[in-house]
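Below are two complexes that have chain A in common, paired first with chain B and then with chain C.
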Partner chain A sequence: MAIRKLAFIVDKLPHKTETSRLALTHAIASQTVEIYLEDGDNVEPFLVFIGDGVLNCVKDQKAIDIYGVTSLGMHIQNALLVGLNVYVCKEDLEKFGLTEDSIIMDAAHLGGELKTQIIPYTEIEKRVEACDHLLFF
Partner chain B sequence: MGKLTIGSFTSLIGSMSLDFAVKLAESAVNKGYKVDFWVSGNATMLGKKNQSKFRDYSYLAKTVQDLIATGNFRFCICEVCAKARGIHKEDAMEGVLIHSMDWYLASCFDADRVLHIGGE
Partner chain C sequence: MADLKSQTPTETLDVLGRVCPYPLVLTKKTMEKLPSGGILKILCDAPASAEDTIPRYAEKQGYKFESVKLEDKGYWELYIQKT
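For the complex of A and B:
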């Protein structure tokens, strides 16, 4: 029985390339990974938004209205709903003049209990150091 | 020998990241490692059959087919990413696996090293 921690690091802008979307959809795919693994084995992904990547977390994205595609915000809410930890770099958020009120902090309206965690970069480093594999998007 | 899992999602044409990833996989297989190679996003084009070789463009299909033939290389394309690009099972090269993204995470689980290469 083993758990492998996977860090999904996102530093790309939303809605510019497919990159951020792929990070989120891959991380959320962990919900069904057990079908390939032995009993008791699993992966534990978490999401980290740093640099330009923090802009993926901005509230009230209109991608569904404008482009007809799901927004990154919707995927972040889904990630929180299924229990993935979502970390946002405090310093990078401040760099863009954003606050807790500007970004998606929970998926409470969907019944999610987890909250987005805004943490300093030094704390992000500790979490990344503790992971088994790092996937940089 | 160990197992290497490589993930890539850059374009087949227009970016050299996929070329690098395939070359890396080839070196690893030649050294005796097992390699799982996952492609999603635009990189799923690499799984398409009937690719043609032109001197102005990368031609990775033959290398991928040769690697699959070794038995130490699994090449898997993301089902949804592929279908969104009009690539269905009948459009894929022989030996190419088609799975959802959980296949990649499962491969990461027992990999000795994971190299996630790409970004456009």
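For the complex of A and C:
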């Protein structure tokens, strides 16, 4: 019986590649893996956006107009909706001149209860160090 | 005891139009909040979720499960009772 902590770490820009989308898809899907595990085994996933990756969280990305693909904003809202903790690096947000008002902070209109958490890099480090597996996207 | 489908559900979850893994994830989240003995009715049109992952989840949890496939409507009505 074991709980494995998984960190899905996104440090790449959105849309030019599929990496960010894959991170979100895998993080959300990992919440269902328990049905294939032994009784008592499970995973605890969370998402981290650091470096250039914080740009994935920007509101009103208009990806469908520019790239012809769905916006990652909706995927982040879905992650919050299904109860995934989403952490965004405070220092990296500030580096891009972004604030809480610039990024997706909740999925309240979908019925989600969780909010995006903007935290210092030192706090992200602590959470990541407590993980069993780190997955970089 | 009566079939689950003939009882009034405690809650109904509509995941029509959503694909894997959302139907199962949302089902899990809803079941966590449901009181013991409560019945969740799920409307689902994702075959993999309706026929595989959600029944598997219910079985693993030891929950009572029933499925009704509505061929004319193209979706399933799934019933799970929390024990």
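The working rule: the second predicted complex is superposed on the first by the 132 of 137 C-alpha atoms of A that agree within 3 Å, B and C clash if a C-alpha of one lies under 4 Å from a C-alpha of the other, contacts with A are read in each partner's own complex, and residues count from 1 in each chain.
Rule of thumb we're sticking to: a contact is a pair of C-beta atoms (placed from the backbone, for glycine too) under 8 Å apart; a residue touches a chain by one contact, two chains touch by 3 or more.
Here the structure is a predicted model, which means the values were calculated and not measured.
> In the superposed arrangement, does A:131 touch chain B (first), chain C (second), both or neither?
A:131: touches no partner chain.
> Name the contact category of A:98: first (chain B only), second (chain C only), both, or neither.
It touches nothing on chain B or chain C.
> Thinking of the overlay built on chain A, is A:24 touched by chain B (first), by chain C (second), by both, or by neither?
Neither partner.
> Just checking: does A:83 make contact with chain B only, chain C only, both, or neither of them? Give me first, second, both or neither.
So A:83 only meets chain C here.
> Please determine whether it is chain B or chain C that touches the greater number of chain A residues.
After superposing on chain A, more of chain A is contacted by B.
> In the superposed arrangement, does A:35 touch chain B (first), chain C (second), both or neither?
both
> Do chain B and chain C land on any of the same chain A residues, and which?
On chain A, the overlap between the chain B and chain C contacts is residues 29, 31-32, 35.
> In the complex of these two chains, what residues of chain A are touching chain B?
Those residues of chain A that touch chain B are 2, 4, 6, 12, 17-19, 22, 25-26, 29-33, 35-37, 41-43, 45, 133-137.
> Would you pull the chain A residues touching chain C in the complex into a rising list?
Touching chain C: residues 28-29, 31-32, 34-35, 39, 78, 81-83 of chain A.
> Under the definition above, what is the set of chain C residues touching chain A in their complex?
Contact set of chain C toward chain A: 20-22, 24-26, 28-29, 53, 56-57, 60.
> Please give the residue numbers of chain B that touch chain A in the complex, ascending.
So the residues of chain B touching chain A come out as 7, 9, 40-42, 80, 100-106, 108-109, 111, 114, 116, 119-120.
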